[in-house]
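Take a look at these structures.
Look at the two complexes coming up: chain A is in both, with chain B in one and chain C in the other.
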Partner chain A sequence: MRSRILRVLRPGEQADAESEQQVRTDGGTSADRPQRGAADSDARADGGVTATADQPSRARRWLDSEFVKSLPFWLPATLLVGLFVYGAIGWNFVISLTDWTGLRQPTYDSFDFEMYEVFFRNVGKGGLLSGPHTQEYWALRNTFVLLVVFTVAALVVGLLLAILVDRDIRYENTFRTIYLLPMSLSFVVTAIFWAWMYNPDTGMINETLRLVGLGSLTQQWISDPQFKLFAVMFALVWQFSGYAMVVYLAGLRAIPTDQYEAAKVDGASLVKMYWRVIIPQLRASTTSAAVVLMVFALKAFDFLFVLFGTRPGPSADILAMMMYRESFGITNWAYGSAIAMVLFVLALGVIAPYLYVQFKRGEL
Partner chain B sequence: MAELTLDHITKTFDDGGDEIVAVDDVSIDIADGEFLVLVGPSGCGKSTTLRTIAGLESITDGEIRLGGDVINDKRPQDRNTAMVFQSYALYPHMTVRGNMAFGLEESTQLSDDEIDDRVTEAAEMMGIADLLDRKPGELSGGQQQRVALGRAIVRNPEAFLMDEPLANLDAKLRAQMRTELQRIQEDLGVTTIYVTHDQTEAMTMGDRIAILDDGELQQVGTPLECYHEPANLFVAGFIGEPSMNTFEARVDGATLVTDDFEYDLSQRHRDAIGAREDVVFGIRPEDVEVGADTADGHTYAVTVDVVEPKGDENYVHMTFDDDHETPDTFTATIGGLRQVDAGDSVVVRFPPEAIHVFDAGSGEAVLNRSLDTAEGVDLVL
Partner chain C sequence: MTNDTNSSLTRRRYIKAGGAAGATIAIAGCLGGGDGDSDGEETTTASDDGGTTQSDDGGQELEIVHWWTAGGEKDALNALIEGFEQEYPDVDVTNNPAPGGAGSALDTEIQSRIINENPPSTFQIWPGKALNTYLESDVLVDISDSVWDDGMRDAYLDGVKEMSQSEDGEFVAVPLNIHRLNNLFYNVSVLEDAGVDPANLDSPSALLDAMETIDAETDAAPMAHQTQAVWSTLQMWEDVLIGHAGVDTYQDVIAGNVADNETAVRESLQLVADFREYFNEDAGSVAWDEANAKVIQGNAAFIHQGDWAAGQYGAADDFEYDSDWGNLAFPGTDGVYHVVADSFVMPTSNPSPEATEKWLSYCGSVDGQERFNPVKGSIPPRTDVPDDEFGPFLTAQREDFDNSDAQPPTIAHGTGVTPQVKSNVEGAFSAFVGNWNVDAVYNELTNAF
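Our next item is the complex of A and B:
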């Protein structure tokens, strides 16, 4: 029993022990290094004999191995995730290759990339620069705009908030909580909240503008195509910059005070100090916050759905919304699946470089 | 390059309504090109003093002048000082070259070529020219330390401020850098304030040392002055390793009476002591003569408690009351080749010219060892 525990604790030694045994039967002394090395390779040459000789203990050892012992811990989760996440993605991909529409069962007799062809042909239809554009073009474009502008804006706002909160202010914890709170709310709640804010007649924003005498600036924020996407991004930045702030705050806290002081004594102004010394050291925070924010941007479906229903119009349509409309609105299942796959590849495009960098740094 | 004056500077911190005095009315004049070491135990205010000079802390009262200009209210950026931090505080995302160039880029109008020339020159001086394109994370502790010094040197500031720059090095390297730092400072002739808690560094490096305790300046003087003529009991105990031996004593006519022994006072001693009754008697370990053969009013029989061999010399801890479990001991240093063992009975002599006497109340020195009679002590050198 005791030796078994030892073997489990130090599995790497098993092989060593084995070859050492061989060395001893060979008559070589284990104290003699070069000779031992030679005997070692001998042992490997006729290693097959050893394997057949102690077959039962092999099976025993297999049962004792770390792999088998760890199975109960990771196998259930792996199976569940494998089936319901990766299995579903796989099946979705298969459906996107069919021509499934309507309320009948799909037929899996012919597979082609027709749906993808249709999608990308429609994106380019009417020219990428001129118009008129199709809904595919608008959905893809808005998804990209949301991804980039929202992420950058949330990062910048979050960074500024973090720097302000980090400067030894009073009620720091209170501010931190206030800024982070919106993120804990559901998209549905914040969407309704912002729908009220943006209401052209009774909404807080237009009311405030009128109150301070800027009535000429009032807009139909969420019905005017000019402001629609901007209004959505503004609300999303409000909701998620708190998250970026917390990530940056943790990053700022990890930078020793010496760095600030050294920069000051070196003659750097406050702005230069942050720009050249502090912010470059927040690269890891930026990357991890950006990845999370981008994924949220791709998932902005709930927010738009609550604000506009399934038809936000070309200026605020995104891929997720279009996928929903195609599939559940007009039962173009195969086409909806293809759009979902495009969205999936976009998300992968965001995550993969991050994972690769993490992997290369050995942090995975 | 400039002279630096600390004129009655005081720094208090507000700690939830309580006022904590970190620096208490400290005045020091530091000459142009001088190497001044600020030394004291942890929490004595030496780092705070340095940080007020750098501008990283404001001062509550007083005036700091650098080259005649009052710099109290100047921002650290505008003070033209360079600081070396204990942690080095190198910018981890920049190369060594970037680290060294940063200060020049931010504080001067020099062209890129000029900056590059100066960085290369300083790097060669510090022997780190081949490391210029590496990041601090790839360097050893000693190399980082050199980069931190190089970063200060390249700025050619009016004053170097060093906050325990050698504290993170191992003992061998520290001893080596100590000499190197002294040589560089002498070559450059830049006014330097060097903060340390290590009295060896203070003794060996400084032109003068300033000893701080509890925010108050205890003494400013050359290392040998502070060693041989301590201003008070604190300096006497802080400077010197092992510390000065002290005994509480009472003056009884021409004799000092301690719990352990009685000591005959000469006329010179009595003049200095005057009418005081309670004093502290002090003597440096190396002044204790072990195995004296002359018997006068200054020799005593004692027992050796512990011997610490150092190779070149032995620290011998001795006691008057050897029947105690944990006896009060005093220390003598003797030559490394002399054989003394624990438990031996020896005769020691406290030579009258080498003793110090302090006022028991204030701790002020009333009598220091006389230097003219001591052999081998030459303050002029």
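Our next item is the complex of A and C:
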């Protein structure tokens, strides 16, 4: 679903295309090649209309039409995406309207929104401000916090790294690899690394704090409810800000040097130049990075599962985890599906306003 | 960039999550790795055998799904399968493990396969109330006559037989091994340094006092524990409740009468919250075996854990039973054998009914249990298995079991409450291990059952 959005986004970045391509070759990256290829050939089909101007039979003409010619390029992908992404989402929605539990096939005789009612009633149970809160409240709240805070933090860190790496430093490639490397590691590996580092007794973080005389700041990072979610988000930002950096780097390379020079001639300070001139031109990069980062935020499931099993506790529970418990722990399939839909809408809801603004600006 | 592989991975994961939520049975069937594998295996064997997989005569294929993939467990299962193949050479065993502690991955695979009416021949499951999901959907075969013959019925103790039955008294499961939950293991030299005599520990409060002494006298953590995952603290509370208020109160509580036993429940929760002061400092960041290693290293005095912890002591160098480590029934729970068991069942729509019956009978036999349990570090549920193969520790455990007055089931290991209740209780405890708020967890417990 998201890569679909991405694909739609890509042609809009035509301006960046050339330099982006270059960065890709540098970094050995072939990310969107096939998609770009498809876009190109679409364009060629557009341009090729004149070639079919002879007077062939109707079938011949039909076969030569742009539509048919373009079929091989988009049909397989569309069918696969339609079935496995949108089909799955649609079916999931249908199941969330049933009362399916247990280990028998679902019955599709009555549909209602009961599961959603139960979910939102439980969210509000005990009051939104006072407590005690239900697992639904915590999971929803934490998921939202994770989506927003993690995405923003990873973007900011990634942007700063990209600006630094972009300033013609030495060993640029090395730095880029170092920052991107964590992303290639499995969550299972990084979760265990971070569990060791967060260990309050022997972990590197508390040891370092003690070493520099800040012993009073040591914490039970991943067991104290106050810090649990923060600790998880910190680890996730570490792992994925490298990705944001690469996307921003591509965006930065697309900005012609004369704009930097012009800003300098106009007497803009370094900060002002980036804030007023450079960063506003990185909107497209921000959108694509944000969409992908939000997918990574949903993947926090793996990270939490490795650390805490299916019960991370109220302070770090997320909807994905709750969905897994409801479905596979206690076979409440319909309720699990409803949670999945809430999660889906939540993810869309976070990105939609941004996409809309971009669309209005004509930048998509 | 790795982006392409990554985002397609994500998409697949996304679909899987959709399937996981019960979204698409068909898609789950196509993508679920386990399904694909097992299908493939079945077809291959079928053609090898000349298609006799389903027929009564000749070789039948028996597919066993289980979660025993760690060292000792795996060896134990292999020993069991070896014995089974000697006894029934006409059955081909397909060993299909679903790795993941306590069945976390197995549930996923089994449930989707049962919904697709493509179950394995047999699979591992906790007996007791954990069977509830399967019994409610009526997908387990009644094996009262075919497997549970008189010999087996005589050899099992009542508490264990009860766990193997549905509410109507039909036998549906065959328990293969039993672990004891209410153990308190200790490092002998740490206790000697602190001047604590384990023989004097007769209640959870006495244990609390002893830990205070250890804390004052030694550098070791009085109790090794992990709070990263919920189950260890939950099982500790279960035994504190038994030790503090007796096994009848415990049985009453897991039957759902929490409010009737308010004082006992609150006091036992408070004791656990008090224990917490004496846990190792990193309890929230370690797994149970890391905590257990502290006992071996002499960095912790006690640990409350099931007797699977003893396997780790056996594997450690220079750490011998009696001279270096000892164990006792958790203070106040003498005469109670708090049972954690594993069993095998026979799902309906079974691909190989005869072979499955043979397997279940073998799991319930003296020979099968004698091969499996010494390696696994558990005791056989049958009381007539000879002692020879079991070391001194397990022999002592067996003696306790044979002489036990009560064999209550557990919440943390699924035998005592339905999966729904277990989930609710775990939810309550997942907050408790962070805030140690007795009032809050008590209120949640009253709503959990």
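Throughout what follows, the second predicted complex is superposed on the first by the 256 of 364 C-alpha atoms of A that agree within 3 Å, B and C clash if a C-alpha of one lies under 4 Å from a C-alpha of the other, contacts with A are read in each partner's own complex, and residues count from 1 in each chain.
Simple rule for what comes next: a contact is a pair of C-beta atoms (placed from the backbone, for glycine too) under 8 Å apart; a residue touches a chain by one contact, two chains touch by 3 or more.
Remember, it's a predicted structure, so these values are computed and weren't measured experimentally.
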{"item": "Partner chain in contact with A:Ala347 - chain B first, chain C second, else both or neither", "value": "neither"}
{"item": "Touched partner set for A:Pro280, first chain B, second chain C, both or neither", "value": "first"}
{"item": "Touching partner for A:Lys272 - first (chain B), second (chain C), both, neither", "value": "first"}
{"item": "First (chain B), second (chain C), both or neither touched by A:Arg325", "value": "second"}
{"item": "Partner chain(s) touched by A:Pro312 [first = chain B, second = chain C, both, neither]", "value": "second"}
{"item": "Chain B versus chain C as contact partner of A:Leu209, first or second or both or neither", "value": "neither"}
{"item": "Partner chain(s) touched by A:Leu160 [first = chain B, second = chain C, both, neither]", "value": "neither"}
{"item": "Touch count on chain A, higher of chain B and chain C", "value": "C"}
{"item": "Contact footprint of chain B on chain A as seen in their complex", "value": "256, 258-259, 261-269, 272, 276-277, 280-281, 283"}
{"item": "Chain A residues touching chain C - in the complex, by the definition given at the top", "value": "1-3, 6, 24, 27-34, 84-85, 87-89, 91-92, 95-96, 100, 102-106, 132, 135, 183-184, 195-196, 198-203, 220-225, 228, 243, 246, 292, 295, 299, 307-315, 317, 320, 323-325, 327-331, 333-334, 336-337, 339-340"}
{"item": "In the complex, chain B residues that touch chain A", "value": "54-56, 75-79, 81-83, 85, 87, 89, 91-93, 102-103, 106-108, 151, 155, 161"}
{"item": "Partner chain A, residues of chain C touching it in the complex", "value": "1-4, 6-8, 10-11, 13-15, 17-25, 27, 104, 107-108, 111, 114-115, 133-134, 136-137, 139, 227-231, 280-286, 419-420, 423, 426-427, 429-431, 433-435, 440, 443-444"}
